[in-house]
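Here the chain labels run A, B, C and D in written order, and each chain numbers its own residues starting at 1.
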Amino acid sequence: MARGTAGLITMFDNFPLWPAQSSTYAGNVDLLYIFLVLLSLFTCAAIFITIFVFSTKYRRRHGRLPEPIEGSTFLEVTWSIIPLGVFLVIFVWGAIIYFQERTPPQGATEVYVVGKQWMWKLQHQEGVREINELHIPVGHDIKLIMTSQDVIHSFYIPAFRIKQDVLPGRYTTAWFRATKAGTYHLFCSQYCGTQHSGMIGQIVVMEPAEYQAWLTTGGSFGSLAANGAALFAQLGCPTCHQTESQGRGPSLGGVYGRPVQLEDGRTITADENYIRESVVSPSAKVVSGFKPIMPVFQGLVNEEQLNELVAYVKSLNQPPAGTAGSTLMASPVTQSQEPKE
Amino acid sequence: MATTANLTAERENYLNREYGVSSWLLTVDHKRIALLYLASITFFFFVGGLFALLIRLELLTPAGDLVMADTYNKLFTMHGQIMVFFFLIPSIPATLGNFLVPMMIGAKDLAFPRINLLSWYLYIIAGTLMMHCVLTGGVDTGWTFYTPFSTAFSNTKVIEAGLAIFINGFSSILTGLNFVVTVHRMRAPGMTWSRLPLFIWSTYATSVIFLLGTPVIAITLLLVVFERAFNLGIFDPNRGGDPLLFQHLFWFYSHPAVYIMILPAMGVVSEIVPCFSRKRVFGYHFIAMSSIAIAVFGFLVWAHHMFVAGISLYSALVFSALSYLVAVPSAVKVFNWTATMYKGSVTFSTPMLYAFGFIGLFTIGGLTGLFLAALGLDVHVHDTYFVIAHFHYIMVGGAVMGFLGGMHFWWPKISGKLYPEAWGRLAAAIVFIGFNLTFFPQFILGYMGMPRRYWQYPPEFQVLNVLSTAGSTILAVGYILPMVYFTWSLRYGKPAGDNPWGASGLEWQTQSPPTTFNFDQTPIVTREAYDYENMPLPEEVSLER
Amino acid sequence: MEQQKHAASLGMWLFLATELMFFGGMFCAYLIYRYSYPVEFGVGSRTLNLPLGAANTAVLICSSLTVALAIRAAQMAKRTLMVVLLLLTMVFGLTFLVIKGFEWAEKYEKHHIPGASFQLSAEDMKGVSVDPENMQDFQQRTQTFYSLYFAMTGLHALHMIIGVGLFLYLTYAGWKGQYGPGYYTPLENGGLYWHFVDIVWIYLFPLLYLIDRNLQK
Amino acid sequence: MYWGIWLLLIVMTVVTAFIANVDLGRFNTVVALVIATFKASVVVLFFMHVKYTSEKLTKVVIISAIFFLVILLSLSMADYGTRLMH
């Protein structure tokens, strides 16, 4: 109890009423929020004052009889149309912000996130791994590519106003650009079991120079894509996925982000989810002209290795830097388009 | 007045006609069944409320120091399940609805009295199963049962809780079915659709949701049970299952379920406001139609619970836009209630105070709903305390205020006795203050970013949590008071007379408490609802305030 | 009396509306998965026993006919005919359940029950070229088909069992002479229920058995 | 009349089972569902007497139940159908 009392007294030491505003996105959200708060205050005031005035002015008194009033279609239409108009404005405003949030910019730095009961595992493109902590440079676009090993989690950074559920068996993405250096909360906001409230961490936003310094001391495991390339070879993938020509499987050079014609006639974009799915369950969406002969890698590769493989396939979009130690390196983008014709 | 009082004591009514346990447990009288429901939902309300208090106590300090994490997870899960499925959903429809629907339309009973009793028994079976589940370990999935946590990861009694809610669903369906058929087939001569009291309109709309929504949650939870019990793979991501499928099916019911909770309360307010303004309700047809509109639009908006869950961008846009549509009829109702008081003759009796409370809190709850339907903003506040505050403003501030208001309004009819008016007003004030103190800080907490269902939290959130916990104790007092004085009034209350408020509804034209068949002879309706200009002022509630 | 008959009939139709939504939840799940995994579901459909499924459809249609005829017999005060027709309905209903039972037993023998022992044989996979190592994943997803198959046909069968129980009562009451031209509401409502269960099967049959039967890959 | 309806339903069952083994590509699905809907409508209209009932409410109940079922199916499919876009 003594501890409790002390806690009650010291609780005022740290008592903010507004969350930190530390991403490009936060200002927009706050603006809409403030607009809605003002709108609500105005509406509440209007309604409450009207009720107060009506109920006091027309209080029951001797000698004054209430007047029967049926209603007024004009008023009904007015107070239906005006709110509807205001609602439409809110809808469009909210939709614009959401659209930005769901559309990661080109060239964002990618961070792979794996949620599991009850921790966050994060891996930078450069290969640095972190647990429950993410270091990022200020002023850079960061794209999170996230999946879960067990139940649904949700990656939530209040200071950035972003949140995205993290699902098993699928990738979801989110992006942000931090605007202020500092340390911010990372929460899991989708209930995930016993230690749900313990599945928290920190986002450390650093000045770019500091960040570079941190990266070098952070213990590099080699870049994600490089690890992926090694794994790609180790699993024997190059036997079918050849570089120069189409083997038994489609060539993967430049495939990322491009439309792919499927065997069943559909055309889909080869995004992270598609690449991931093609590894864990190849038969789901077979590329047109190929047989579903690829073995299943579910269970053979873990989520982190999957992330490495996906990062590798994506890296094939860029022309090889130098001779880039691997014979598996992608054919240039222009070549890979040929089979499509 | 005194002569009326003596008469009340002597006249035969549904309460004194028969005594004994079996006369209650085997009754097919809709009024007795309503009281059976009243007793049972009150029980579950206090069980759920106890869990709520424990949750608030745990959150008094940032550390998880009162109960274990698992216990806390079970507390909020069972608080949600009991309050939603065993209190809020049956609250007004099964008690006031059961009591009033036949009386308001001039019928002897519901269309299927025995099915009505059956639905109470189903409720009791479901409730017993739920309590068994609670007492033997409980369940920790959250009331939302999200997969794959509920199907593959939780080690608690998911099957039992799922079956309890499944069975309870049939109770709801049968109640709704009974109401719809009764309103269509049992109206007294002259009781046309445009003469129906607005409470009937909102109960009718609620029943439509019962009928069309409840089966979907029933099958969804049954599939979860199958998946756990028989190892079927329907939501299992390892077998290609999509965890979002469960959420779609769950919210297809559970969003309209919000309207199941709030629509009857709106009906109650639509009765109280004209009565205590001594005036016709403003825009009768618009209030009636807005109930139907809410019921229909309510089915089109469910995925606004899933904006950050990983649904497609385009369907998020569609669902957000549709969500704003459903806000319009709710706004229309609030404006009409307010306009009803214009040039009226307003008294501040207890039911009216609750109606004011309802309008105020529902307005706040509805407006904060706009925040949540705005896509970009929902990303930030989704699954935080902002959501908790929002839906408690609707469900506790709205539905429970409406329920208490209705209980006070019709208590003289139900029991034949008056409750102590001063205590009633005091309790209404305590509930209002306690409620706001409990839940308003949670809006701020939510925007600050405190996620829901957190057993421990960062210390900077403590001040607001302490306020909230303080408020919850006040709220608890506010809820216990009416139970005490209602019980007291059963024995010591002044006799109410047949129509203490001078209200216009058919239910007030018969004696208090009514006889078993409600009316001595089938009434013939020649007047519109709320024709207060023709109603004499009652003396009892006249001028002294 | 007339009012009560109307009330009962409306009540029954409303109940059937809730039943439609009840099965609707499963149809929704089925639709989404069939859309997501066409090949897996095609393989699943192919392995179901078409002759038995078609026979069951025919059996149910016959039972619907006997129900309709029984109600007409009641209207025309032919009590014996009505009882015979009701008995026939139950016989058809039980036949359906027996055939369904054989189908389920076949699924058990072929290891088509979702779970650890689930196995697709070479014959099941004929014409579908999936690399042997790919089979595990393919099977996982095909299990989703069978899970839905068992959930849907299981709940349908449960409705059949309830229906047979209902008709047992109706037959007894009919035999006692409770139904005639003046009063046959319970019979009519029982018939509505029976027809509804028939309609559910009319959809289950093509959805589960017929679509993508001739799947080629 | 009931016998005629019965014969029609049996014939349709045979037809749909037969067509299932003929390769019509995507039209197999369409044909199967069209036949099923036809059969279901016949059962509702004739065996369940909806065609001859004077009761409008029955039709309202049927139509609204189907309407809400379509909402369930179409709005949830709207999510799955558009996930691969964008």
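In this text, a contact is a pair of C-beta atoms (placed from the backbone, for glycine too) under 8 Å apart; a residue touches a chain by one contact, two chains touch by 3 or more.
Everything numeric in this text was worked out from a predicted model, so none of it was measured.
Visitor: Can you tell me which chain is nearest the middle of the complex, judged by mean CA position?
Guide: B
Visitor: Name the chain whose C-alpha centroid is farthest from the C-alpha centroid of subunit C.
Guide: Result for the farthest chain: A.
Visitor: In whole angstrom, what separates the CA-based centres of subunit A and subunit C?
Guide: The computed centroid separation for subunit A versus subunit C comes out at 43 Å.
Visitor: Just the number, please: Cα centre separation of subunit A and subunit D in whole Å.
Guide: The mean C-alpha positions of subunit A and subunit D differ by 41 Å.
Visitor: Find the geometric centre of each of subunit A and subunit B from their Cα atoms only, then give the gap between the two centres in Å, rounded to an integer.
Guide: 36
Visitor: Which residues of subunit D are in contact with two or more other chains?
Guide: 57, 64-65, 68, 72, 76, 80-81, 86
Visitor: Mark out which residues of subunit B touch at least two other chains, giving numbers and ranges.
Guide: In subunit B, the residues touching two or more other chains are 184, 212, 216, 238, 240, 244-245, 248-249, 252, 313.
Visitor: For subunit C, which residues are shared contacts with two or more other chains?
Guide: 6, 10, 14, 17, 20-21, 24-25, 28, 32, 36-37, 140-141
Visitor: Along subunit A, where are the residues that touch subunit B in the complex?
Guide: Listed in rising order, the residues of subunit A that touch subunit B are 4, 7-8, 11-12, 14-19, 28-29, 32-33, 36, 39-40, 43-44, 47-48, 50-51, 54-56, 58-62, 64-72, 75-76, 79-80, 83-84, 87-88, 90-91, 93-102, 117, 150-152, 154, 156, 158-159, 161-165, 167-170, 172, 185, 187-198, 200, 281, 284.
Visitor: Quick check: in the complex, which residue numbers of subunit A touch subunit C?
Guide: Residues 263-264, 280-284, 291-296, 298-299.
Visitor: Where on subunit C is subunit B touching in the complex?
Guide: 3, 6-7, 10-11, 14-15, 17-26, 28-29, 32-33, 36-37, 40, 114-115, 140-141, 143-144, 147-148, 150-151, 155
Visitor: Please name which positions on subunit B make contact with subunit C in the complex.
Guide: Residues 111-112, 115, 173, 177-178, 180-181, 184-186, 211-216, 218-220, 222-223, 226-227, 230-234, 236, 238-242, 245, 248-249, 252 of subunit B touch subunit C in their complex.
Visitor: What residues of subunit C sit close enough to touch subunit A in their complex?
Guide: 37-39, 129-131, 133-138, 140-141, 217
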